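Across the two complexes that follow, chain A remains constant while its partner is chain B and subsequently chain C.
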Partner chain A sequence: MTKIIVDDVEVDVPADYTLLQACEAAGAEIPRFCFHERLSIAGNCRMCLVELKGAPKPVASCAWGVRDCRPGPNGEPPTVVTKSPMVKKAREGVMEFLLINHPLDCPICDQGGECDLQDQAMAYGVDSSRFHENKRAVPDKYIGPLVKTSMNRCIHCTRCIRFVAEVAGVPDLGATGRGEDMEITTYLERAMGSELQANVADLCPVGALTHKPQAFNGRPWELIKTPSIDVMDAVGSNIRVDARGREVMRVLPRVHEDINEEWISDKTRQHVDGLKLQRLDRPFLRENGRLRPATWAEAFAAIAAKLKGADPKRVGAIAGDLAAVEEMWALRSLMTALGSPNIDCRQDGSVLSPAHGRASYLFNPTIAGIEEADAVLIVGANPRREAAIVNARLRKRWRIGPLPVGVVGERVDLTYDYAYLGAGPESLAQLAKGGEFLDLLKSAERPLILVGAGIAARPDGAAVLAAVASLAAAVGAVTEGWNGLAVLQNAASRVGGLDIGFVPGEGGLAAPAMVEAGALDVLFNLGADEIAISPGAFVIYQGTHGDDGAHRADVILPGAAYTEKSGTYVNTEGRVQQTNRAVFPPGEAREDWAILRALSDVVGHRLPFDSLPALRRELHAAHPHLAALDEIAAGDGRATLDAWAALGGSASSAGFVSPVADFYLTNPIARASRIMAECSALHVTPALEAAE
Partner chain B sequence: MKLIDFLTRTFTWWNGQTWGTYWYTRRRGERVGEDELGNVYYRATDHMIDPSMGPERRWVVYNGLADMSRVPPSWRGWLAHTHNVPPSEEQYTPREWEMAHLPNMTGTPEAYRPQGSPSASGRRPAATGDYVPWSPDEGAAGRAG
Partner chain C sequence: MSVRRLAPAEDQPASFSFTEENERWIEKQIAKYPDGRQASAVIPMLWQAQKQHDGWLPQRAIEAVAARLGMPVIRVLEVATFYTMFNLEPVGRWFIQLCGTVPCHVKGSLDLKQVLLERIGDQQHVTADGNFSWLEVECLGACCNAPMLQINDDYYEDLTPDLLIKLLDDLAAGREVKPGPQNGRHASEPHDAVKTLQDPALFDGSLVGSWRKRFEQQDVKTPDEAKAAGEVVPPKAPEPAPAAAPTPQTEKQAATATGPNDPKPGRPDAGRPEHSAAADAPAQRAKSGEEPVAAAKQADASDASSKEGSETTGEPVPAPQSEKSEEPTPSRPSEGKPAAAADEPEASKAPRGRSKETE
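The block that comes next holds the complex of A and B.
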């Protein structure tokens, strides 16, 4: 720790702090454009100038280390002044230079109201310009469907370049020219090829990069901001839903150091137009082979009539990927009341099960824990597509220091170097026999074995899990204080569903068996759109979008999307989080738990809760860990390894394939979105490029 | 004179003229001209000769509803003493781009509706909160198009 005096306040900060951080620690606010906590230091905007006693000129505090400061003549700590007239004058000078070429188009600029330059010009701007030449003009660039450019406004902070190169890990954005001729551009007007690209528009301190889909659509001050949780993947990124009236206008990231830091994936951000397309806004009933709009009473009556004489063994329920814990709990209670053991939340047919312990389906090392891992083996996953934020963490760890990464599965560009160990279970067995990478894993103190949820959904899933378990045991992935077994889920609802035991009961059928022809008479489909249901059964579909599930349904009950209800979601780490209602569901759609509660009354098994708090009370009594928001209840890693090892079976030789074939179209909301469709068309098969 | 005209002239001021105007026009009014709507313009004969008595009195007797916006601009200029030559004595050919005078239509079905007004197009323009409901005849989301 080093002592330093900032504006007469003495603070004790680590020596590797920069002056800017030290000043913040002392409570002084430093204006900045180019500095960003999560990016490397560029020091090119000069807005952060401070006066350092003894230095001949003002110094850029973001690029000056505390340890580089000279002590005073009598050995007193170095002194920094942030409020002197000299500092003010220096910053005003910088601001004047920046504004020379910055257009005065705030009234038509989408950044207006949340613009760093606007804000700081309030403090350091001068009211007139001494510049009488013409402003420079820069052509706008095409850099993809998500980010709109207005390059006259660029102040060359290079945050966008640093983000794309460092965090996203693609070489797509750069600067050409020097001095006045500097321009930010992609190579030959190509779209950026990253699933984190839209973050650059958040980073851009001015309006040079803005969100294209939201262009000219709203002003920040007219939006109602609701903190919420993302459900596009199983990461549970913290987001802020900005709504105007009844419409979700945009989604922005919220900082959560342990999950998404401050990035979100493009799907998380730009699926929002899907929330207002293809919506189910009224119940439908199939009559004479055609669906027709119906009232709630008619829909419920039709369901009650079907359930009346039905054999409970021939009634089943499947929960989809976007279902919140509350409605799964309500549905589970209803099925229990009906006497049916056929429930499943794993529409992909996965063998991951709460029977193997909670640790068997969690990302046990946690996302933040990735930074502590010292060797990584990725088995049958493409984290870049299945959980872009987790992949960014892996890349972050890889950049911090040497990190051996091995991949068994598809050979794709993960944005970091890895040793390719093979495609399928055979390579896994090969790896377990010995070799260079096995030694690396063995010698690692905290090896991390990232297991894609997709491998458990293979027909030979049990055998593969057994192989992973024996490998993990062999390399010591599960020790006291470190559980390196990381199951990467790809559905937001999955961990929650497994937590509450939304899996087949005694003698119950799993999802793939339920959808077979002739297996069931009545199937309740809670938003499962990625599973094909054979003809025969009477299907009740409860969901938000007219996707495959709705087409196959005999009764459609319109539910609420995640922005329209308060729901609990458990992310792949096992972290319990809650969404909040930002807008109301459209038309006659209702919150899902309430639909199930109302239905239970009609079918004669009234559920014992009348309100969401009552439901949660019951849920929390049965599963206390769901009451602890933002906490992870760890599972027992060793028990999991034993349970998996006992699974046995023989593995096929087919290579592992990521279950996420198209990053942009994984769920009904994203499939309804036009912007996601556009992105998907651009990046269907991300080119196999050598990692950096 | 029909009974209804008698009654409106007696009890209302907004239909044509009142009895007071009628008598004054008969005694002192000199007819100057008539516009295309049938409104008739008069001037008083009292102090026509002597401007020192104040400006000459000019008035209009409406043909129908007494609505000031029914006076065309040319006659209005004369009524308000903007110019002294009444349009009936002036040879003026309107330019081709000059539109015929239209009284204020506010409150009538022909009232002006700004572009974008639902009453102008008969359709509600897109607004925040609109959504596209699904209908069973469409393809599945994202796969339709």
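The block that comes next holds the complex of A and C.
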């Protein structure tokens, strides 16, 4: 720790701090454009100039280390002044230069109202320009469907270049030319290839990069901001839903150091137009093979009629990937009341089960814990597609220091180097026998074995899990204080569903068995759109979008999307989080738990709660860990290994394939989104075609 | 310099690959750098590609270099567009780079530019026969032979419009040309008779080494000189001091007198009026506790004819004055100056600025 005096305040900071960080620690505010605490230091905007006693000129505080400061003549701590006239004049000079070429188009700029340059010009700008030449004019560039460019506004902070090169790991952006002719562009204006690319528009301190889908749509001050949780993948990124009236205008990241830091994936950000398209806004009833709009009463009556004489063993329920814990709890309660053991939240047919312990389906090391791992083995997962934020964290760890990464599964670009160990279970067995990478894992103090949820959904899932368990035990992945077994889920609802036991009861059918022809008479489908239901059963679909599930349905009950309800979601780490209602559901759609509560009354098994708090009281009484928001209740790792090792069966030789073939189209909301379709057509379709 | 972009598609070749000889050369270049630093070879590789491809870099060459070094293409494009020595558009067989920086400019590069404009046309434009194109560049570092230009790899110096026309004619006709000075001069030796070292003054110490002699003389100081220079000497007896402050008699004394007494501030001030005592700014007045100038008086001050009136108000308005006057400060006993100076009349003790007013 080093002492330093900032504006007469003495602070004690680590020697590796920069002056800017030390000034912030002392409570002084330093303006900046190029500096960003999660990116490397560029030091090129010069806005953060401060006066350092003993230095002949003002120094750029972002690029000046505390340990580089000289002490005073009598050994006093170095002195920094951030409010002196010299500092103000220096920053005013910098601002004047920045504004020389910056167009005066704030009234038509989408960054207006949340623009760093605008804000800082209020403090350091002058009211008129002394520049009488022509301003620089730069052609706008195409860099993809998500980010709009207005290159006249660029101040060359290079945050975007550093982000795509360092965090996203897909170095598409660069600066061509030099000096006044410097331009930010991709190579020959190709689209950026990262699934985190839209973050560059958040990073842009001016209006040069803005969100293309939101261009000219609204002003930040007219939006109602609701903190919420993302459900596009199982990461549970913290987001802010900005709404105007009944419409969700955009989604922005919220900082959560343990989950998404301050990034979100493109799907998380730009699926929002899907919330308005293809929505189910009233109940539907199938008559003579065609769906017709109906009233709630008609729909409920039809369901009650079907359930009346039905054998409880031939009634079942499947919960989809976007369902919140509350409605799954309500549906589970209803099915229990009906006497049916056929419930499942694993529409992909996964064998992950609460029977193996909570640790058997969690990302036990936690996402932040990735940074502590010293060897990583990825089995049957493509984290870049299944959880882009987790992949960014893996890349961050890989950049911090040497990290041996091994992959058994698909050979894809993960944005970091890895040793490719093979495609399928045979390679896994080969690895367990010995070899260089096994030695690396064994010698590692905290090895992390990342298991894709997809491998548990294979027909031979149990055998593969057993193999993983024996490997994990052999390399010491589960020790006192470290559980390196990391199951990467890809559905937002999955951990919550497994937590409350939304799995088949005694003698109950699992999801793949339920959808087989002739298995059931009545199937309640709670937003499961990724499972094909055979003809025969009477299907009740409760969901938000007119997707595959709705097409197969006999009765459609319109529910609320995650932005329209307060719902509990448990992310892949086991962290309990809640969404908040930003807007109301469209039309006659209702919150899902309320629909189920109303339906239970009609079918004669009234559920014992009349409000969301009452439902949650019941839920929390049964599962106390769900009451602790933003907390992780850890499972027993050793018990999981034992339970998995006991699973038998023989593995096939088929290679592991990620369940997420198309990153942009994984759920009904994203499939309804035009922007996601455009991204998919741009990035995924050519890749798939090339692979064939 | 202007924005540099890749050549239009119609000029781009369909493919590019290094010749076998260049491949071997590239391998040697890459081997120079440690493992994982192969990207360091990007500039030599681009240069070799440009040499191989008629003096300019096509898009395919940039991509080939990127693929060879495992770099993102945009990184190679950054380098290629940054350095103006990489030509991104086709150039003539003789690619002329005319120096237009100051020394060449004063020696007549504008005339050469006119010749090129008439003979070849606009910059970065290849003549119909493919022989010539030209570009004005910044200093090529041969100012002693200005004006000059570079054709492909060679410098052609000491040019005049006529010599340049002849040079271009020779090149176009395929005649041999000689790089270097074109006016018969050898390298950068004097053009006329060589007599630089024949001046006797060079060797008698009057020209060369005179500085050192001055410093040697300064080191040996007599007490009289030291006193005259204003240093602290215990006063022996009141001496008739000069009426005004000691005026430096020689340049040497002035140098020693002003040096240590007027240290340069360790930190430059921000240049604001209140930091500088040199100006009579409102901010400075406020700092020294003076009354601000009333608006009416400011208006008066701008009108010379009303100046009389302002003096009759009875309030003595101090004239602008400066502590950093170029006049030497009158000596004061407290500062160790000769005591006799304290006996001087009031008028001469006052700062010069004020004394003007009293006159």
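Rule of thumb we're sticking to: the second predicted complex is superposed on the first by the 684 of 692 C-alpha atoms of A that agree within 3 Å, B and C clash if a C-alpha of one lies under 4 Å from a C-alpha of the other, contacts with A are read in each partner's own complex, and residues count from 1 in each chain.
Here is the rule we use: a residue touches a chain if its C-beta (ideal position, glycine included) is under 8 Å from a C-beta of that chain, and two chains touch if they have at least 3 such contacts.
The model shown is predicted, which means the values in this text are computed figures rather than measured ones.
**Q** Considering only touches as defined above, state whether A:85 meets chain B (first), chain C (second), both or neither.
**A** In the superposition, A:85 contacts chain C only.
**Q** Looking at A:247, would you say it contacts chain B, chain C, both, or neither? Reply first, second, both or neither.
**A** After superposition on chain A, A:247 lies in contact with chain B alone.
**Q** Who wins on chain A residues touched, chain B or chain C?
**A** Partner with more touched residues of chain A: B.
**Q** Could you tell me if A:605 is touching chain B, chain C, both of them or neither one (first, second, both, neither)?
**A** A:605: touches no partner chain.
**Q** After lining up the shared chain so the two structures overlap, which partner does A:625 touch, if you call chain B first and chain C second: first, second, both or neither?
**A** Once the two structures are laid over each other on A, A:625 reaches no partner at all.
**Q** Is A:172 touching the first partner chain B, the second partner chain C, both, or neither of them?
**A** Only chain C is touched by A:172; chain B is not.
**Q** For A:314, decide between first (touching chain B), second (touching chain C), both and neither.
**A** In the superposed model, A:314 contacts neither chain B nor chain C.
**Q** Which positions of chain A sit in both the chain B and the chain C interface?
**A** Looking at chain A, the two contact sets are disjoint.
**Q** Under the definition above, what is the set of chain C residues touching chain A in their complex?
**A** Per the touch definition, chain C meets chain A at residues 1-4, 6, 59, 72-75, 77-78, 81-82, 266-272, 275.
**Q** Can you list the chain A residues touching chain C in their complex?
**A** Chain A reaches chain C through residues 56, 84-86, 89-90, 171-179, 181, 183, 185-188.
**Q** Across the complex, what residues on chain B touch chain A?
**A** Chain B reaches chain A through residues 128-136, 138, 140-143.
**Q** Would you tell me which residues of chain A are touching chain B in their complex?
**A** My answer: residues 244-247, 249, 274-282, 284, 290-292, 545-548, 550-551, 586-587, 665, 668, 670-673, 676-677.
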